[in-house]
Amino acid sequence: MKNTFGNLLQITLFGESHGAAIGCVIDGLPAGIAIDEDLIKKQMEKRKAKGRISTQRHEADEVHIVSGYFNGYTTGTPITILIENTNTRSKDYTKTRYRLRPSHADYCAEVKYNGYQDYRGGGHFSGRLTAPLVAAGAIAIQILKQKGIEIATHIENLHGICDTPFHHEETMLTQQINKLHELEFAVLDDNAAQAMHSCIEDAAKQGDSVGGILESCIYNLPCGIGEPFFDSLESHLSHLLFSIPAIKGVSFGLGFDFAKHYGSEVNDALYFDTKVKTKTNNNGGINGGISNGMPILIHTVVKPTPSIYKQQDTIDAKTKEAVKLVIEGRHDPAIIHRARVVVDSVLALGVLDLLLEKEAASHL
Amino acid sequence: MKNTFGNLLQITLFGESHGAAIGCVIDGLPAGIAIDEDLIKKQMEKRKAKGRISTQRHEADEVHIVSGYFNGYTTGTPITILIENTNTRSKDYTKTRYRLRPSHADYCAEVKYNGYQDYRGGGHFSGRLTAPLVAAGAIAIQILKQKGIEIATHIENLHGICDTPFHHEETMLTQQINKLHELEFAVLDDNAAQAMHSCIEDAAKQGDSVGGILESCIYNLPCGIGEPFFDSLESHLSHLLFSIPAIKGVSFGLGFDFAKHYGSEVNDALYFDTKVKTKTNNNGGINGGISNGMPILIHTVVKPTPSIYKQQDTIDAKTKEAVKLVIEGRHDPAIIHRARVVVDSVLALGVLDLLLEKEAASHL
Amino acid sequence: MKNTFGNLLQITLFGESHGAAIGCVIDGLPAGIAIDEDLIKKQMEKRKAKGRISTQRHEADEVHIVSGYFNGYTTGTPITILIENTNTRSKDYTKTRYRLRPSHADYCAEVKYNGYQDYRGGGHFSGRLTAPLVAAGAIAIQILKQKGIEIATHIENLHGICDTPFHHEETMLTQQINKLHELEFAVLDDNAAQAMHSCIEDAAKQGDSVGGILESCIYNLPCGIGEPFFDSLESHLSHLLFSIPAIKGVSFGLGFDFAKHYGSEVNDALYFDTKVKTKTNNNGGINGGISNGMPILIHTVVKPTPSIYKQQDTIDAKTKEAVKLVIEGRHDPAIIHRARVVVDSVLALGVLDLLLEKEAASHL
Amino acid sequence: MKNTFGNLLQITLFGESHGAAIGCVIDGLPAGIAIDEDLIKKQMEKRKAKGRISTQRHEADEVHIVSGYFNGYTTGTPITILIENTNTRSKDYTKTRYRLRPSHADYCAEVKYNGYQDYRGGGHFSGRLTAPLVAAGAIAIQILKQKGIEIATHIENLHGICDTPFHHEETMLTQQINKLHELEFAVLDDNAAQAMHSCIEDAAKQGDSVGGILESCIYNLPCGIGEPFFDSLESHLSHLLFSIPAIKGVSFGLGFDFAKHYGSEVNDALYFDTKVKTKTNNNGGINGGISNGMPILIHTVVKPTPSIYKQQDTIDAKTKEAVKLVIEGRHDPAIIHRARVVVDSVLALGVLDLLLEKEAASHL
C-alpha cells in the first residue's frame, strides 16, 4: 500500500501543495464517537506557520469533514477530511522548475513520475500534506484521551540547544505532558525555548535553516500492544514517523546510546507497585516489540529544512548542466516546532490502530 | 497484518524456539528464478553461533524448501522454508518460567497471550526466528545481485570500539562491500575486529553482554524506489529493521547528527558525472522518501543482549513478589555480529518488494 | 480492509447520499496517463436516472478531480474524485426513520452502527455511492482500451424477457461490444429492449419493481491474469461485483448450468489458430482462477429494487411493534439498466489491478 | 495479496500436489483457544477420497501443527499446519506434460509461470491444496461453535437429482444441520443420496464426471457482520468460495431466481419474535452487505471434474499441434461430495475473520 496505512484504522492521504485541496480518508473508526471540533482547530493551530520562525505562506487550513460524520458523531463509515489550498503563488515555482533543489525530492520525483509530477510547491511531497494528518490525528487523540492515553512531544534539542528531558517520575511527567498540550512552541524549559526561538530567527536572517531532535512520550498505553513480527510497536510507529517529511532517524528508549553500555547497566529491573513497573525505562516502554505498560519514549531527528536562501550548486534537470540556484518563494527556516504536532498525530493514529487490533483478539 | 510483511513480495514468519520447526512463506517471487542453495548455506553460516562470542546452543539450521521450488527454479507459487529445531533443552526454562527476565518480552507475552505463550527459549520472540529470515533474504540477495544491487553491513561501533565507516568514493566502497561479503565477523578494520572480539569475550567472562551500531549500505539501488506517503523507503525499511529483536534505533544518512548542522552545511549539492550524483550523501541516498541513486546508508543500534548471567532484580509473574533472578541456559554475550546478516536479509527483502512495485507501474 | 479494495490499484470509497459530497481515492495509477474527461462524462451519463424507468432524483453528478491530476495527465499520486450531492430532500426520510424498510439495510445499519448511521436516503448504503465508482472505472476503462481490452455488459434477462446473448464468434462479439458502448439502455436486441422498457414502466405504474440478469464480457484480456489462491480472477471480480448494492449472484461461463452436464459435454477443447483458443467457452475464459485468453463471460443477478410504493409489513426500530409502511420519496422501479455501467466500472478496476500485478512479476 | 486472505484472521496457503508437503499458516487467532484435534480429524475424514465415487489416490492426510500451539492451546502466534504428500505417482504426469488437459489450468499455468510450474498432479492448482484449508477451517468451526454459530452444506442438486432444501423453520433447520455434521455423504434425503451415489458411479464407469449445486447455511450469525463497501459479507465469502477449484458460481438467498420476481413478491417483511426476524428469507440473511440475523443461505455450483478418461481434443503446448489426449492417473468422477467440507471450511474462516473485526470496533 502506498498512500494508505493501517490495519483496522486506515488512513489514506491525498493532495498536492498547489492543487484544489488536500485531505485524507479515515476508515475503521467505530460509530458513535463524538468529535470535538475545537480540539481539531487547536491542533491545526499548533501546526500553523506564525511569526518570523516559519514560512510567510499563511493558510487558513479550515477543516471540512465531508463524510462519515453526522449530527456530531462518527457514523462508522469513512470520514473524509478536506482542506482547501488558498494562499498559493504557483508562479514562484514555474521559473525554477528544472533547477533541482538540493536535498529536496525534485530529482527523485522527476525520475519516478517521469516529469508528470505536480512540481508546484513540492506537490505531493509538500509539508502541507501533514495538515490533514494533524486533523485526523486530532480525532485519534480525543479517543485515546478518553481511554486515559496521552501523547506529547517537545523539542529536546534544537541545533545543540537542549530542553529538559521527560521525567521518569510519573507525577512530574504528567505535569510536563499537560504543559505541552497548552504550549504553541513545545519546549519545557523557558530559557531553552527563548534560546531556540532566537536560533531559528538567526538562521532565518542568514537565509539558512536548522533542525533538531524531538522527544515524544505515549503515556498510559496498556501493556500488550504490538506484535513480535512484523508489526512490532517500533515497526508500526517508525513506519508512520518516517512518512513525515524531514525525519531521518527514529529511536526508542536509550536508542543509539545502548551501544555504550553493558547489558547489566541497561536492563530494566521489574518491580511491583500497584502494577508491574520497571525501575529504569531504558527500553522506552517496549520489549519484544510489545508495550510493557511504562511510558513509550521516542526520539526523532528532524533535518534542517532544505529550502535555504543561500546560493547552491545544482544541475538543470533537462540539460544536466551545472547551475547556481537561489531559491525564492516562502519557506520555513525550521520546521521542527511545527513538526511536533505532526509527530503527536501519527503516533496517535498508529497507537489507535493497534489498540483496535488488540480489542478484536481480546473479546472474541 | 501481524506476521506477514510486504506488498508484492510477502513474507510470513512462524515458529517457536523449542517447537518442532520454524520457517517462513515467501509469496510473490516470479517463476523461473534459479536459487543458489550454496548462497543460502553461506548466509546461514554467517548467522550461526560460533566460538566464545556466541551462545553454546549450536543448531544445524538446515534449510528445507518444501514448496514453490521445482527442478532448481522458483515456480511462481509460495516458497515455504522449514528449519527444524533440534538442539533444544526445554527444561532450562521450565523452572524459571515465572521469573520475568528484565528487558525480555516475558512480561509482555504473559499479558498479551494471557499465559498461553510458548515460554521455552523465548518462544516466538526468540532470535531463532531470524534464521528463516536469513534463508529468505538469501534468495532476495541473489535476485538483487543479478540486477547489480549489493547490500552490506558492518559493525561500525561495538561498545565504543569503532570500525572505519563506508567510503564516499565508489571504488573504495565496492571493495569494502566485497570484503564484507566474505567476512564472518563483519568489521572492515582488522585491529578493530580484534578489539571487538576481545570485548565480547571479556563481557562473556563477566557474565555480561554488549551491543553496538551497525552501518549498512545498499549500493546501486536505482533512483525512484519508495513512496512519498506512507511507504517511504525509510518507512518500509525501518518497519522491517525494527522487527529484528534488539534493534532500538534506525537512522538514514547523517541521522541524529542532522541536529548539529545548518541546512547550508548538509544539503547535498547535485552534479552530473555519467549519471546524476550528489557531492555529499548526508541524506543517505533518500529524498522525499524515494531513492535518489546514491548509496542508501543506514545505521541501526543493537542493544546489549538482555540475557546476562549476573544476578538481577525482578518479580514472580504469579505472586508479583520481588525475587532475585540468575539466568541459566545458553546465551549470547552479544548478537550484533550475528544480527548483521539478519539486517542484510530484511533490507534485501524490503528492497525487492519495492522494486517489484516499481516495475508494475513502469511497464503498464 | 473495509472501504478500500485492490492490491496495486487501490480504490477507497466514501460519502453518504445526503452528505456534502461523495467520492473516492484511486491510488496506484502510474504517472503520465492522459485522462479523457469526455469519456468520464459519457460513462456518468449512462448511469444517470432518466425518464420514467428511473428515480426522479436527478443529480448533476459533476466529477471534480481534486488531486493526482495535473495538466491533463495523472501525476502518479492519489487521484481524488469528488461529486457533490445537490438534489437532496432529506425531510422525506426523517419522518420514516424508524420504520425499517424491508430488504433494505436499515435494520443492519441500526445494529451495526448503533443508531449513529446517516439514515438519510440510505446514507453510505445508497446506490449514489456507485457514482464515484463509475468515474473511477471510466479512467480504468480508458487505460484498458489502450491495451486492446474491452469491457461490455448488457441486460440478458429482465423479469423473464431475454436479450440475445454474447456471440462465441469473435467478429460478431466485437460488433456487439461496440454497439453496447454507444447504447444508453444496454440491450442488443431492439425488440427485447422495447419490451424490457415497457416492463419497467409497468412495474413503476404499479408501484412495484423488477430485477434481472446482466451478462458481461471482458474481451482480449491476456492469458495469465489471476492467482490460484486466494486471488483467483473469479474471487477478485466477484469481490467487487458483490460490493454493488442489489447484486445477489455472480457466475462465470456456464455458471449454475454446469450442474446439468457431464464433464465430457462441457470441457473446452483446445486448438490453435494464430493463438491458443478453445472450441467452446463454457469456463468463461478462466481456468484454475487464471484467464486463458478467451473472453471472460460473467453473469450477475440484480434483485428488484426493495424500494416499492406498495404498502408493506415491518416493525418500528425503537418499539419493535408491527407497523404498516408506505415508502415515499423518489425511487427506481429498476436499477439494472443503471447498474450495467457500474458493473463495467468495477470489472475494469479489478482487471487493471491484476494487470499491474502481472506486470510487476514479468519485468523483474 | 495472492496466497494470503483475511484482515484479522489471515490464512496463507502453500504447497504442490507432488511436493514434500502442503500446508498453511493461520495468523490472528487469539491465545488460549483449546484445539479439538479429533474434530480436525473428523473434518479431514469428510474430505477424504473413498470408494468408487472418488479418486483411488488415498492420502493419509495426517495434520501436523508445527507452530502456534502449545500444551493443547493456541499461543496467539501463527499456527502452521503441515500435511505431507505420500501417495504420489509423479511419472503419470511426466509423459503427458505438454498435452494440455481441457478445462484444466495447464495452459494458464504454462503461460503465467513460463513453464516453470510444478506440473505434477496439477501442482499448486491441485484439489489437494484444499486439505490444509479443511484443517484450518476445523479450528475456525470449533471457535464459531462455541459462540453458537453453526455452518452446514449439503448437495442440493447433483446432475439434476435434487435433495430437500434447507427449511425456513428453525427447529427443522437445526435438525438438518446436526444431521449434516454426522453425514459423510452430505445429502439430507436418503433416496436422493442413493440416486446421487449411483449417478457418480455410473459417470465413473463411463470414464466421465458430474457436478452439482451445494446449498450452505450459516446459522445464528449475529446481525451486523460485513461492510457496505468493499467487504460486504457476500464479497468476503464469495472471494473465498471462488478460490476453491471448480466453483463457477455463487449466489445468496434467491440468487438468480430474483430475476423472475417483482420486488413486492420477494421483499422480506420484518417482524419481532424474541428478536427481529423476517417472514421470508429471500435475501439469504444479508442486506446491504451486512448480516441481518437470519440464516445466511448460499448456493455454489461445482463443475464436473475436468479430468475424464474419455479421449479429448487438445494441443501440444510446445508444438501447438492438435493431439488426442487420453488422461491416465487417478481422478475423481465427482468432487462435489468432497468439496462440501471445503466450502464449510472457507465459510468458517471468512466469518471468523469478520467477527474478529466486529469485536474490534465494538469494544473500543
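Just so it is clear, A, B, C and D label the chains in written order, and each chain counts residues from 1 on its own.
In this section, a residue touches a chain if its C-beta (ideal position, glycine included) is under 8 Å from a C-beta of that chain, and two chains touch if they have at least 3 such contacts.
Composition by chain, UniProt nomenclature: A, B, C, D = Chorismate synthase.
Everything numeric in this text was worked out from a predicted model, so none of it was measured.
J.: Report the chain whose CA-based centre is farthest from the CA-based centre of chain B (Chorismate synthase).
T.: Most remote chain from chain B (Chorismate synthase), centroid-wise, comes out as C.
J.: When I count C-beta pairs in contact, which pair ends up with more: C-D or A-C?
T.: It is C-D, judged by the count of C-beta pairs in contact.
J.: Between chain A (Chorismate synthase) and chain C (Chorismate synthase), what is the separation of their C-alpha centroids in Å?
T.: One centre to the other, that is 39 Å.
J.: How many angstrom lie between the CA centroids of chain C (Chorismate synthase) and chain D (Chorismate synthase), rounded to a whole number?
T.: 26
J.: Which positions in chain B (Chorismate synthase) are in touch with at least two other chains?
T.: Those would be 1-4, 7, 13, 28, 31, 76-77, 112, 124, 228.
J.: Hey, which residues of chain D (Chorismate synthase) end up touching chain A (Chorismate synthase) in the complex?
T.: 7-8, 28, 30-31, 76-77, 143, 228, 355-357, 359-364
J.: Within their complex, state which residues of chain D (Chorismate synthase) touch chain B (Chorismate synthase).
T.: 1-4, 10, 12-16, 19-23, 25, 27-28, 31-32, 64, 66-68, 70, 73-80, 82, 112-118, 123-124
J.: Which chain B (Chorismate synthase) residues qualify as touching chain A (Chorismate synthase) in the complex?
T.: 1-5, 7, 11, 13, 100, 102-109, 111-112, 124-125, 129, 157-160, 203, 208-213, 223-224, 227-232, 234-236, 238-240, 242-243, 245, 247-256, 258-264, 266-272, 276, 278-279, 282-284, 287-293, 299, 301-308, 310, 312-315, 320-322
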